[in-house]
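Chain naming follows the written order as A, B, C, D, E and F, and within any one chain the residues start at number 1.
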Amino acid sequence: MGHGGGGALSAELVEHLFAPAYGNDLLAGLADSTALTLAGTRLAFSTDSYVVRPLFFPGGSIGDLAVNGTVNDLAMSGARAAYLSCAFILEEGTDLSVVGRIAQAVGAAAVAAGVSIATGDTKVVDAGHGDGVFINTSGIGLIPHGVDIRPQRATPGDLVIVSGPIGMHGVAIMSVREGLEFGVEVTSDTAPLGGLVDAMLDVTPDLHTLRDPTRGGVATALNEIAAASGTGVLLHEHAVPVPEPVAGACGFLGLDPLYVANEGRLLAFVPRSHADAVLAAMRAHPLGAQAAVIGECVTEHPGMVVARTRFGGTRVVDLPLGEQLPRIC
Amino acid sequence: MGHGGGGALSAELVEHLFAPAYGNDLLAGLADSTALTLAGTRLAFSTDSYVVRPLFFPGGSIGDLAVNGTVNDLAMSGARAAYLSCAFILEEGTDLSVVGRIAQAVGAAAVAAGVSIATGDTKVVDAGHGDGVFINTSGIGLIPHGVDIRPQRATPGDLVIVSGPIGMHGVAIMSVREGLEFGVEVTSDTAPLGGLVDAMLDVTPDLHTLRDPTRGGVATALNEIAAASGTGVLLHEHAVPVPEPVAGACGFLGLDPLYVANEGRLLAFVPRSHADAVLAAMRAHPLGAQAAVIGECVTEHPGMVVARTRFGGTRVVDLPLGEQLPRIC
Amino acid sequence: MKYIDEFNDPDLARRLLDDIHATTTRPWAMMEVCGGQTHSIIRHGIDQLLPDSIELIHGPGCPVCVTPLEMIDKALAIASLPDVIFCSFGDMLRVPGTDRDLFRVKSAGGDVRVVYSPLDALEIARQNPGREVVFFGIGFETTAPANAMAVHQARSLGIGNFSMLVSHVRVPPAIEAIMQSPDCRVQAFLAAGHVCSVMGTGEYPELAERYKVPVVVTGFEPLDILEGVRRAVHQLERGEHRVDNAYPRAVQEQGNPAAISMLAEVFEVTDRAWRGIGTIPGSGWRLSPAFRAYDAEHRFRVTGVRTQESGDCRSGDVLQGLIKPNECAAFGTICTPRNPLGATMVSSEGACAAYYLYRRLDTAPPAPPKEATPVG
Amino acid sequence: MKYIDEFNDPDLARRLLDDIHATTTRPWAMMEVCGGQTHSIIRHGIDQLLPDSIELIHGPGCPVCVTPLEMIDKALAIASLPDVIFCSFGDMLRVPGTDRDLFRVKSAGGDVRVVYSPLDALEIARQNPGREVVFFGIGFETTAPANAMAVHQARSLGIGNFSMLVSHVRVPPAIEAIMQSPDCRVQAFLAAGHVCSVMGTGEYPELAERYKVPVVVTGFEPLDILEGVRRAVHQLERGEHRVDNAYPRAVQEQGNPAAISMLAEVFEVTDRAWRGIGTIPGSGWRLSPAFRAYDAEHRFRVTGVRTQESGDCRSGDVLQGLIKPNECAAFGTICTPRNPLGATMVSSEGACAAYYLYRRLDTAPPAPPKEATPVG
Amino acid sequence: MCLAVPGKVIGIEERNGIRMARVDFGGAVKDVCLSYLPEIEVGDYAIVHVGFALQRLDEASALATLELFAQIGALEEEFGDAWGRAAAEAGAPVPPERIKDLP
Amino acid sequence: MCLAVPGKVIGIEERNGIRMARVDFGGAVKDVCLSYLPEIEVGDYAIVHVGFALQRLDEASALATLELFAQIGALEEEFGDAWGRAAAEAGAPVPPERIKDLP
């Protein structure tokens, strides 16, 4: 189990304290990253702390996530990440070799994403006052002219595209925790999405909304966008690409792939008129080869996500109650 | 005792892993913040995590430090902070009211510093896997034209100016830990230094080096600058402004004020020809009213800091071995 | 995947639905016993496709929901002990005790671990000889053989720091209790397929006969459920009350003899309280005297546990099919999955949670606008 | 601040120095007994201002430096026990035991707390009745009364979870041991002012007479030290060997009678090993039988402590004034404050550390260029 | 209750005297205890619950069931489009047939 | 050893039967145990070590000492500039007099 899946404190419970305390409207946008103007230049700025356990998993490590997570949050504003900060909080007793391997992963991921680690920090806390390694990355990137990508812009008529098969990251993490084994193909999907977004923007700057469905998975991302925009989202469940091992693992652990984390996928809300062209551009990019339309924005059930089942029934797709756990019933 | 004062892991031990792993030269500059160019604009970018204990102390809280610390690191590149990120890692069991008070402090400090909190993040970790509240802030700011402030630019002939009395922050923190009491005047000096730096830059853009002598105090900051620039630093010990309560507290706890933390002071390395004017501008600013020349850069003992005592003797002023502790002998 | 995809085919579903619609001439109320079936029905929207005149009553077959409050509180007390590693299936972590849940205990620093199998807990005990490892042994007849085996192996391998907090329940006494209720509206049962995989179907003919009620052994994939409904409707329309196995690929009449004999060795039948319902005679298993040393209730004499069930919760009526979840006044107002009053709201198998999560559109006014929560 | 600033006046210092320079006609070697004096001398650069012919030998008066390795290792073992809160003056945290130090124990999760006073440790014991609180009672005669009082109060207040690991040392037997060494070069002593504040000066006339050595009771501010040196030089030049009190504002002949009688009640004289030097008869205090119940060595029978002092360390010779720190081959190479081989390198009072920290410019080649450490 | 899923036995071995199988769930592979199903062989499918194989899946029964489903449709075709009725009742805006044709 | 510092007693009270003082160290105030110095009074100065007052500071002695220092200088003035010699030996680039004049 990771952190913060339950208990009295939750990010949701706490976060409402912040925006009013900070006295500005920048945090109210519900976006992965915030668009700013500085000396006439439009920038995206984003921060995230990474407390994921285990530190290493098939296909990556906390170091990859720390880079790709923030690079992707910037990409979800249409920005190509330029510079990252990287701050470690280390717990006394952590192996130096572990820190070294993570640092190498950070460096390699930064090179792969075309971003520079510009500034860093290291703090060491006593044993029992941390948990091995926490990483914070913050990132800045340029937003191209004419691009305005925000959750609020999703609107009835938009089609919802996912860039590829879902659930790989979460299942790869679980395979470590639950002692699962897979064929070679089940590794985290962690990847930097800046290039894919560039390819999409080449088709049209008029992408309405982008989001990387990380913690809480596709269901959570769709709910957040529905809530921010007030549009209804209708998900065509059978169209969602779920790889067979993910379906298999979710099957016997009792999990729903819609709620499983991804680290190298994006959801795009695209005007119907551009959807074919955007989909084609995505499929021409290695990270979007299996992109698929999975739903649409509707005027019904505003702010809610509803799935149509393969049998023609419907059900509400709600926000999750924290992390999914293996269940027996 | 705070975190990371000893033990097998130390920031120093770890940090040499990072710069080579990241594969760029940005981290090699040893600066409080890094100067970047993005779309033709010169920016400063900085990050720090705050793990200070206690969370509240006379004159401030971890929230004030998290804002002012990063604002000041930007100012030490001559940049006026524009936007901050603010990411919390909360330990389960932390009072919501504590988080709320800290959020309020962050907001108030941001307003005071003229900076906007643009993006945030909250993670919750299980009890025993954190320590109440950790905060990371990262910040970006514009560097004015013609300004090039770096530790490497300190050079023999420069005079060293401190912006005010030293040791207040560290002694205020210790007053909580050690049950000291003071007159009202001993509170943390935590403050945003952007305005003071602006006033100094109004006199001349040719400030060589600025540094806020935070953890490890004036001695550490001077050593870092001497090491980065290769200049010798001669400190005139009697000229260092040490408030009487700081001297008193350090006296009976056995501490050296040169190693006690400050959160609202800066050290400036200024060409001798500009020193009088810069000093005058500083003294005209509320945060620099008690600014004083405390030393000079010399060709002797390159890379080392040497203090001349009031009796005419000399001694090396070394880097500290971690946090100073109350001692009996 | 084989045995799953074929039983999810929409074309075949349509044929079964056609048959059900064609066969049904009047209202029928049938109970799917198992929460797994409830979950499948609601998740796939099967209930929406059935004739309006067929009512599915969601049965008590969720072991998480029916685990008595007192047992949860005991689990919470044991899990809070500093030397204990408390292992549980993930389902139990959010089940509310009197004043908190296992998740809260874990978040507060307790060593609570989610395991996939009781054998994982046994392995944790082997690897932590200095600690006491307690496994929360809940479940119906499907889960009981696994838990029995863990206790059996603990004894044969000499793993003395392992024990089990046992709260097993048995299906047939529950069916009997439902049928004996004066308010009973159930006209047919879709029996729990996987329980029958273990126990066989031998316990049902007597029930079917005594209460004149069709019992159709039913699987969990959408086609399995439709087929169960279809066979029940055919019997009901014809006035029959037989035991019919609609899940023959996984259920044999004799069940799994090896599992049944292990159950007989490790467990003994006992009366058991069902949360929301009350005590049902002979409806549970506890460790038999030969394994009493592995009984966590015996090993940890947790005292001072004071249970206090919410007075607003009507989960007992829900579990007996007397009301639908949305007929409870607390539903969706003071009782939500985030703040569950009763166990049927906390397990995703629970009827109240299933209704809230998947049927909110039909059953409740739209949710209030969500608070702004920065994300990313 | 009063009593400090006046004794830091550079003009008066110059007058004292003038007198010393004028008076000194040949080489003299004198020992400042107390590490606090060493610290003050080096920190203010006083040694640089004295005539070259006056050599200050840095004495063994640093309780941190001389605490025997075995006692450090016992402290580390006790501090690592899970139920123990181990309290210590800050000085002891970086003193290396055989394989680690108290800081390392704390960083690894041990509950090690720095206190300003032994009474703080007693208060911690009062507030944590369920834990054992152990205080590391080190120090010379100056510190011993405080520690004695803490034990005395623990008994009178009935604080049973408090105990003390006692490693007290006494100055006069150490002076005697130094004078008895065949290699002894010390011609005069600057006695430790604050030890005399407690014990008075009555123990010194006999020593001065027996070894024909001037003993000047000396304070800690720069002028106090210069005055101590000045008076010693005057005696030496005149061939005298008296006890002279150069710190009369804080030292009275009879010392502090209340403190002396408390010491006699709580402690008894014992032989004590001095790190680097060896056992000196009668040179320590331990708890007297009436307070044995508060003895941590007695309460925690720590076994299996295996001590192993570095073979390269010459701190014993340093502590006896036989060599200067920079004459040790390890100094500044394999032994630095960051990686101290001996205790005299770890305490900022220790002669080796004082030389390394403040005198590197004179005594060692310039440090190699520092590694790039990102800061901010 | 009783989330049990079918998987294919791809390997069998004794471990500490206990018969264990490696079971493939569509690419996800898990170790499963065979104590209750000792006669099962590599290539067989079993229903697995909390790490235990509980029952061998009988292929003949499965095929017979599917065959029955297919025949029902044939028999009942004359009863008209019950599916369409049901879908309309559920308020489906897109007929099921069309779902597959979405881009 | 024995970092003991002078401070001024600014208040005295009994606490749990123990005589305690508030002692001012140039603005930093700390509670100090008076068990070993019961006769001390508010306004007096004491040497304090690890929370205990160990000895009253005698003002007359202090003044006499300082007076002595001042006289020494007067007596020894004819011996020439020993200070200057010492400073030169220590390699001081700035004469002590000039240090005070730095900006």
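Convention: a contact is a pair of C-beta atoms (placed from the backbone, for glycine too) under 8 Å apart; a residue touches a chain by one contact, two chains touch by 3 or more.
Computed from a predicted structure; not experimentally measured.
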> Steps needed, at minimum, to get from subunit A to subunit F via touching chains?
Replying inline: 2
>> I want to confirm something about subunit A and subunit B. Since they are copies of the same sequence, is their interface symmetric in residue numbering (over half shared, so same) or not (under half, so different)?
In response: same
> Measuring between mean CA coordinates, which chain is farthest from subunit D?
Replying inline: E
> From subunit F, which chain is the farthest off, judged by mean CA positions?
Replying inline: E
> Looking at every pair of chains, which has the largest contact count?
Replying inline: A-B
> Between subunit A and subunit E, what is the separation of their C-alpha centroids in Å?
Replying inline: 32
> Which integer distance in Å separates the CA centroid of subunit D from that of subunit F?
Replying inline: 20
> Distance from the CA centroid of subunit E to that of subunit F, rounded to the nearest Å?
Replying inline: 89
>> What's the distance between the Cα centroids of subunit D and subunit E, rounded to whole Å?
In response: 79
> Which residues belonging to subunit A are in contact with no fewer than two other chains?
Replying inline: 7-9, 11, 15, 18, 27, 33, 46, 48, 92-93, 119-121, 126, 128, 179, 244, 247-248, 251, 254, 310-314, 327-329
> For subunit C, which residues are shared contacts with two or more other chains?
Replying inline: 1, 4, 10, 35-36, 45, 48-49, 62-63, 89, 106-108, 116, 120, 139, 143, 349, 374, 376
> Which residues does subunit F have that touch at least 2 chains other than itself?
Replying inline: 1-3, 5, 25-26, 49-50, 83, 86-87, 90, 96
>> Output every touching chain pair, sorted by label.
In response: A-B, A-C, A-D, A-E, B-C, B-D, B-F, C-E, D-F
>> So in the complex, the part of subunit A that touches subunit B is made up of which residues?
In response: 3-4, 7-11, 13-15, 17-18, 21-24, 26-27, 33-34, 36, 38-39, 41, 43, 45-49, 51, 82-83, 85-90, 92-94, 96, 99-100, 103-104, 106-107, 110-111, 116-126, 128-131, 134, 136, 138, 140, 142
> Which residues of subunit B touch subunit D in the complex?
Replying inline: 1, 5-9, 11-12, 15-16, 18-19, 27-28, 30-33, 46-48, 73, 178-179, 224, 227, 244, 247-248, 251, 253-254, 301-304, 306, 309-316, 318, 321-322, 324-329
> Given the complex with subunit A, which residues does subunit D contribute to the contact?
Replying inline: 106-109, 374, 376
>> If we count contacts the way the header does, which residues on subunit C are in touch with subunit E in the complex?
In response: 1-4, 6-7, 10-12, 14-22, 34-36, 45, 48-52, 61-63, 89, 116-120, 139-140, 142-143, 145-146, 149, 153, 157, 192, 194-195, 197-198, 223, 227, 230, 248-252, 256, 258-259, 262, 349
> Any idea which subunit E residues touch subunit A in the complex?
Replying inline: 1-3, 5, 7, 24-31, 48-50, 83, 86-87, 90-96, 99-100, 102-103
